[in-house]
Structure formats: structure tokens, C-alpha cells
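Chain naming follows the written order as A, B, C and D, and within any one chain the residues start at number 1.
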Amino acid sequence: MQINKIKTEIAEMLSDVFDGATIMVGGFGEAGSPIELLHGLIDHGAKDLTIIANNSGNGRVGLGALIGQKQVKKVICSFARSAKGITFQELYNKGEIELEVVPQGTLAERIRAAGSGIPAFYTAAAVGTPLAIGKEEKIFNGKKYILEEALNADFALIKADVSDRYGNLTFKKTARNFNPIMCMAAKQSLIQVRKLIEPHQTNPENVITPGIFVKKIIEIDNPIIETNAIEEGMIYP
Amino acid sequence: MQINKIKTEIAEMLSDVFDGATIMVGGFGEAGSPIELLHGLIDHGAKDLTIIANNSGNGRVGLGALIGQKQVKKVICSFARSAKGITFQELYNKGEIELEVVPQGTLAERIRAAGSGIPAFYTAAAVGTPLAIGKEEKIFNGKKYILEEALNADFALIKADVSDRYGNLTFKKTARNFNPIMCMAAKQSLIQVRKLIEPHQTNPENVITPGIFVKKIIEIDNPIIETNAIEEGMIYP
Amino acid sequence: MTKKNFTNAEKGWERGVIASKIANDLPHASYVNLGIGMPELVSQHIKDDREIIYHSENGLLGMGPTPNENEIDFDLINAGKKPVTILPGGSFCHHADSFSMIRGGHIDYCVLGAMEVSMNGDLANWSTGKGIPAVGGAMDLVAGAKNVFVMTQHLTKEGKPKLVEKCTLPLTGSGVVSRVYTDYAVIDITKEGFKIVEINENLSIEYLQTVTEGRVYQ
Amino acid sequence: MTKKNFTNAEKGWERGVIASKIANDLPHASYVNLGIGMPELVSQHIKDDREIIYHSENGLLGMGPTPNENEIDFDLINAGKKPVTILPGGSFCHHADSFSMIRGGHIDYCVLGAMEVSMNGDLANWSTGKGIPAVGGAMDLVAGAKNVFVMTQHLTKEGKPKLVEKCTLPLTGSGVVSRVYTDYAVIDITKEGFKIVEINENLSIEYLQTVTEGRVYQ
């Protein structure tokens, strides 16, 4: 029997998602944002989700659409402010969605720590700022640091460029961003990929995310481009 | 003016090395071991060195030779036992060299932490063992962890496969091992590389160590293979 | 503390002039992160006697200029989510590796905008205390980069000093700024206060003092 | 505590038999790290009904069998520094990433040798307290892998029990072992003691108890 993580239906990808789940969403802005999986999550209908991502969505597409559907109770991110971030803004102003602001590098490192079995680490980022309040402080070599804990998730929704059936992923340019570390940190990483290849076509030197960090894969060969979709007035669902 | 980190003489590579320096040495066993740079360090003559590496050398070649020259006062490594590790063994038995044993994963993470500005992190490795003695303990989610500190170095001696003049490195197969993270952790990472290429030949998707972590580069196109050298009875110098 | 208000403020250096002063202070072979907005201008003023490598915290080292309309790729963007290019010798990495470059002290210089800079080098540039709080990578950058330069107008739009004795807005970092470039002056943060490195040729030190909270000296 | 000494010990299962028992307990699609020495045999006994992916902690996922003499590459070695191969769908990574796989709980099973295993799952397998102490990746593996299997002879070369009430040698990990495969039996570590999953067909439980320190039960 051969390992084969490839699925053909988005519903199959999201079959284990549950109400109240913590879900990481890859991407930095629109680059690497798994829009089709996010739309699948709207169709799925899971509620009270905690979303971990760098941003909080634009327009009524992808993450913006999911938030607009009121499926999200909390967003953990570094930058929730965006001219087109209409759905988050509206719910935030009404007090209907929680926000935890995390410095971008601390967010990345907390995610990587979760995937690496590191429950907590010290960093100098945010020392002396409001984001350090309530955090344990410690001095190393005369400099002050704060303790930051790992950020785990139940699922990660990820967009990659190419994969084989083992889930060996490569990414395209700056669409890499948070995707590889989120694959490490989630119990199930669910990948939409532009193109599937055979294992013998995978160059073992160039794999960015090894299959060990991947649970399910689906091919979406012509994904929605957020900028274009918003310009065209797309509203999902 | 163009950035160009390429040097032509090994002495130039090692010109800033000083007595008492802490030097990381890449490689796992012989794979990725920078033998020519190590021989350059013997020629240089620096003394009282602290070496951070996974192993402690074989025969009288490379790290084994450096230790045999009594230039090393302390080795920090995970596995200093080896059938061919004659020079370390001899000095260790005579009490003439110090040894700090670090679990291999903790060693790797302490090096990566140094390169990433993380002064310390928690890990479960070694909890309840003699290697945890004296280390701060903390419970996260009901499980016990110990605090491990970053491991910095003044220099890293590294063997890579290919580089451009910026120091964008790729490695060959399992010769990658500790090399990329040591490049991050040392104040000066000094790279011997099998082949130099032009910057436009570097594929930005496949760079393993970006040039920002590299100080100096030298081309050694036909490096010594430790196994063969020891079989042939090589003794350096 | 009520800030003074200078509604008839003097006209200082143009943005391009400030950018070129910063550009001249970045040594050959530096790795540099330019913040979104005004700091982005710096790259246009680098002289031919040096090569600078630009880092964008979203996983791009060796960032190049804005692409032509027909070369735009929405998967190749900078930290401000604008399309950019990559130069030969550049590379991509993931976010944890990208911030290892920052936090680990491998970025030689970062240049950021400011709402307030205090005499001891505190920086406030991420939150006015109103609206949705959004910090991005600023806190990591100021804590990690070897040298933190601030590029800003000397006064706010309302004519209030941005260089202050103590910041009133939420901090981005504490004691992190080394040098401030404004339309009025180039100023080093020192233990003795705001040290004037260069003053706009049309202004007196006395005037600079009146539009700055906290002692300026030469 | 003086250990008993069984110089006329019964002959148990051959190594290959023990290895095939472990192989049958590794589910399809598992990620597995096999320790150096006896555990390496396990990969030769995997049945066709499953695909197992082997991890070697020196940065190799998808490790294949030993190469032919003419295919040896000293840059493609396993954690025991012996030449190996890589299978299609395999990949290389650096040491920090490789141990993220281990420490982060992504390795489903690791199989290690032992000097001593205690009733509460403590493992001692890295140091006799003499000679040069050398731990390698064993402490990270036992702390991080989801399931830790031990493969060992039931008695030491001197005929002393390896399954003990309390380890006397320096520990590799505390409370980490889930199952032990010896030439005499397959034994689960439980709160009640050493639980016999399977006993060698030539041995009685009474005999097994005499060559084991600490209660065995079925």
C-alpha cells in the first residue's frame, strides 16, 4: 500500500473541522492565502473559530468572507488594519470579534515553536511596550527579554505551489511566508496546491515543507487572485 | 561597488581568528566537515579554542588533527565517542581537554536560537536525566521542561556545495546538517565551497543559507574525503 | 504635558533630501530593512560606490524596485503588500527564518517612520491608541536590527513636536533609536539629549530647540 | 541492589523475529526513526501492505537501504554515519528542522536499544558511567517521539535483567518507553508493571518473572 494524501473534494479536506477549533491561515496579505479552502470552510459552516493569521482579510473573499459570515470569534494576528478589511472592521467596532495583537516576528516564532516542541522562548521584541504587559521578564547578558509561549492549532489552511502525494511542498516567491511554519504547528495541515507531481519529480534538496508536516492535499490549479476578485466585486458565498 | 565575499587564500579566511575564540565546526561525522578550513586553523595556530560541533573528530585529519595539535581547550558536542577518535580520546583520558555533552537536538536548537536572537528556550529533552542538573525547570500544560540557553560563537567553519559572491549557499545531501544554523549563530561564518557560481545562476527559491549569514567564502573544488584520507594514513600537518 | 503647536512652521528639507542623507549613511554591503512609506525613498538615493541589500520581512532578501505594470506578480510583494521585484543573488525564506534575520541582529540598519521619539531613544510608531491596533513587524525590527534610524517630519501634521522628552503614545520599543532624520535636522540619541549632527541650513539651533521637546545640543 | 545473574539463560527469539514483531506493529504511513544497531533490522521486515517513512536525525527523511559498493556517497549517511540512500519523495533538511520533527511530536515511532528499562518507562541507554559520555540524539528522540519502542535482549551479556524496578544507570529519559520487545517477550509499560503482550512460546511466565526485576503480569 502506498501513502497518498491527495483528496479530490474540498469537503473531504475539511471533514474533521469542528466548532470552536483553532485554525491557522497561511498567507501574508493575499500572497499564499488559501482562498478556496477558506471558502470551503464557509460551506462547512464551523462556528466560534479562533483564527491565527498575519492579517484579518480583505473584501468579502477568503478570510474576509469567513469573518463576514460570523464564523470567527477571535483573530490572533499582527496586522488587522487594512483599507479593504471591511468585515473585520465592522465586527471589531461592534465588539463582536476578539483581537489578540502579536508582533509579526513573535507570531512567526510562536508558531515555529509549537511545531518544534518548544513550549516557550524568550524574545526582546515588545519589551517595554503595552504588548509585554503580564508577561514574564528575564535578563540575559544584561538585556531584558519576555517569555512568549508556543501557538498551537487544530488545523492549518495552506496554499502551496507544488506537491507530491507525500505532501512535499514548494511555494512560490513571497507566497511562502507563514505557510511552512503553520504546517508544522497544526495537528492537521490541509494544503491546496497549484500542481501535483510524482514523487520521483520532487528534488529532495529543494523541498521547503517535508511531507511529515502535511495531512491532506488538494489540487486547485487556477486559484482565485484576491486583488482581482475584490476588483470584480466578488462576494462569497 | 559590488559585494564580493570571495577570498582566494585560506589564511585570509581565518585572519580574524584569535586565541580563546569559540568556533563552531559544521558537519555530522565527515559529511559537511570543513577539513581544509580546519587545516588552515592548524596553520594559523590559534590556541585555547572552544569548539562547538556534533562530534570530536576522527584520525589526524580535520577536527581530529586540530585537537591533536592541542589547540582546543574545550569541546561542546553531542557525541565525542568514535572508534577513530584517537586524538580527543587521548587528551580526554589525560584530563587535558574539557567536554560539555549536549543532546543533539538541544545542541541544534541552541545554535539556531543564537542565530535567531532567542536567548533561551524550554525543551523536554534531557528532563529527569543527569544533563538536566542545575537547569531551571518549568511546567507547561502539566509537562516538565528545562531552560536551555543560546550557544553563540565567534566563528563558524562551514563546508557548502555551491555559492555565489553574496554567500547564497546550497549543501549536498546530508552534508547540510549543522552547517546552515551555524552560519546564523557565528559572528563570522567562513565558508569553503565546492563550486562558485554567478548571482544570476542562484535560484532564489532554493537557497538554503542566504548570504546575510555569510562573511567570507573560498572555493575548494576537490576537498579531502575524511574516510579516504584516514585509510591512506594522512596526518596533518 | 501640553505640546506646543507650530502652525507657521519653517519649511525644511524635501523628503528626497532626507532620504539621500540616510542613503549616504548606509555603508557598502549593508543589509537594510526600509519601513513602509517615506523610508522606501532611501533606496532611490544610494550612490554607485556601494551595494545595499534590502530585506523585506515577509521573506524576501535582495528586494528590487517596483515592477512595470506588465511584470506584476501578486505572489512577489513587499511588507507593505505592494508588488516588487527580486534582484540577482536574492532569496526567499519563510517568516520564522526572515525574523531570525531581524531578531538575530543580522539586519544592519532599519529605517522607520515615527509618531514620537524620546530623548532616551524610545519609539512610538504603531498605535495612536484609537482604532484597530496593528503592529506588524515594527516591534521585532526595532528590538533586533543593529541600528535603528527614524525618518520623519520634525513636527506632526498638527504642528506638534515629534521629538519629545517622554513618549505619550504606546511604545514600539524602549531605548532603541540611534539616529533621527527629519526635515529640520539629523539628530543622534545620546545620554545628554538630542545631539545635532546636521541642522537644516535655513534654521538656527534656537529655532530647532523651540520645535523640539527636550534639550538639543551640538 | 545486586542483580541476579543468569548464565544459563534460555534461548529466545532471533533478532529477525523480534524485528518482524516491531515491523508488524508500525501502522501504514508512519514516520519512524530506527536507532543505530539492532533496531535497523526492523525496516527489512515491513510487509507490502504498508508504506513506512524512515527519518534519520542528521537531516534525512525518506531514508532508503544501504547502497551498493559503487553507489556509496560519503555525503549521504545515516545517524550512525553509515552510507545510505534516499527514496523518491524523500527530502533533506538541516539539524534544527530535523529535530523539530522529533521534538515537535511528528515522529510517530522511534525504536531504540536499551541498557535498562524501568517499570515506569525510564530508559537508560547512553552511558555506563564510564568512558567518554556521548548522548547523540537519544534524549531528544525519547522526549519527542509519539511512541518509544525499545528493542533489546532480555538479559545483558553478563546475564543480568535489563527490565528493572528502577534504573541504576544514568537516564536517557524518564517515563518515556511505551513498549519493550525482547527475545523473551513483548511487554507494555503500564501503571501496574510490566504487562506481557506476547511471551516467547518456549518460556513460562514464571521463568519470565525470574529473569525480570519487577512484577510481570498478563
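Just so it is clear, contacts are C-beta pairs under 8 Å (C-beta built on N, C-alpha and C of every residue); 3 or more make two chains touch, one makes a residue touch a chain.
What you see is a predicted model, and the numbers here were worked out from it, not measured in a lab.
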Original post:
Which chains does subunit A share as contact partners with subunit C?
Top reply: B
Subject >> Reference subunit D; chain at largest CA-centroid distance >> reply: C
Original post:
At what distance in angstrom does the C-alpha mean of subunit D lie from that of subunit A?
Top reply: 36
Subject >> Rounded Å distance between subunit B and subunit D, as computed from the means of their C-alpha atoms >> reply: 29
**OP:** Two or more other chains in contact with one residue: find those residues in subunit B.
**Re:** 109, 112, 116-118, 123-124, 171-173, 204-205
Subject >> Residue list for subunit D, restricted to those that touch at least two other chains >> reply: 86, 92-93, 96, 99, 102-103, 144
Subject >> Every chain pair in contact, whichever chains are involved >> reply: A-B, A-C, A-D, B-C, B-D
Original post:
Can you name the residues of subunit B that touch subunit A in the complex?
Top reply: 109, 113, 116-124, 138, 140-141, 143, 145, 149, 170-173, 204-206
Subject >> Residues of subunit A defined as touching subunit C within the complex >> reply: 28-32, 54, 78-81, 88-89, 92, 99, 101-109, 111-112, 123-131, 171-181, 208, 225-227
**OP:** Write out the stretch or stretches of subunit D touching subunit B in their complex.
**Re:** 56-60, 73-78, 81, 86, 92-96, 98-99, 102-103, 122, 127, 131-141, 143-144, 170-175
Original post:
Touching subunit D in the complex: which residues of subunit A?
Top reply: 1-3, 112, 114-118, 164-166, 168, 184, 198-200, 202, 204-205, 207, 210-213
Original post:
What does subunit C use to touch subunit B in their complex?
Top reply: 28-29, 31, 48-51, 53, 55, 61-62, 86, 88-93, 96, 99-107, 144
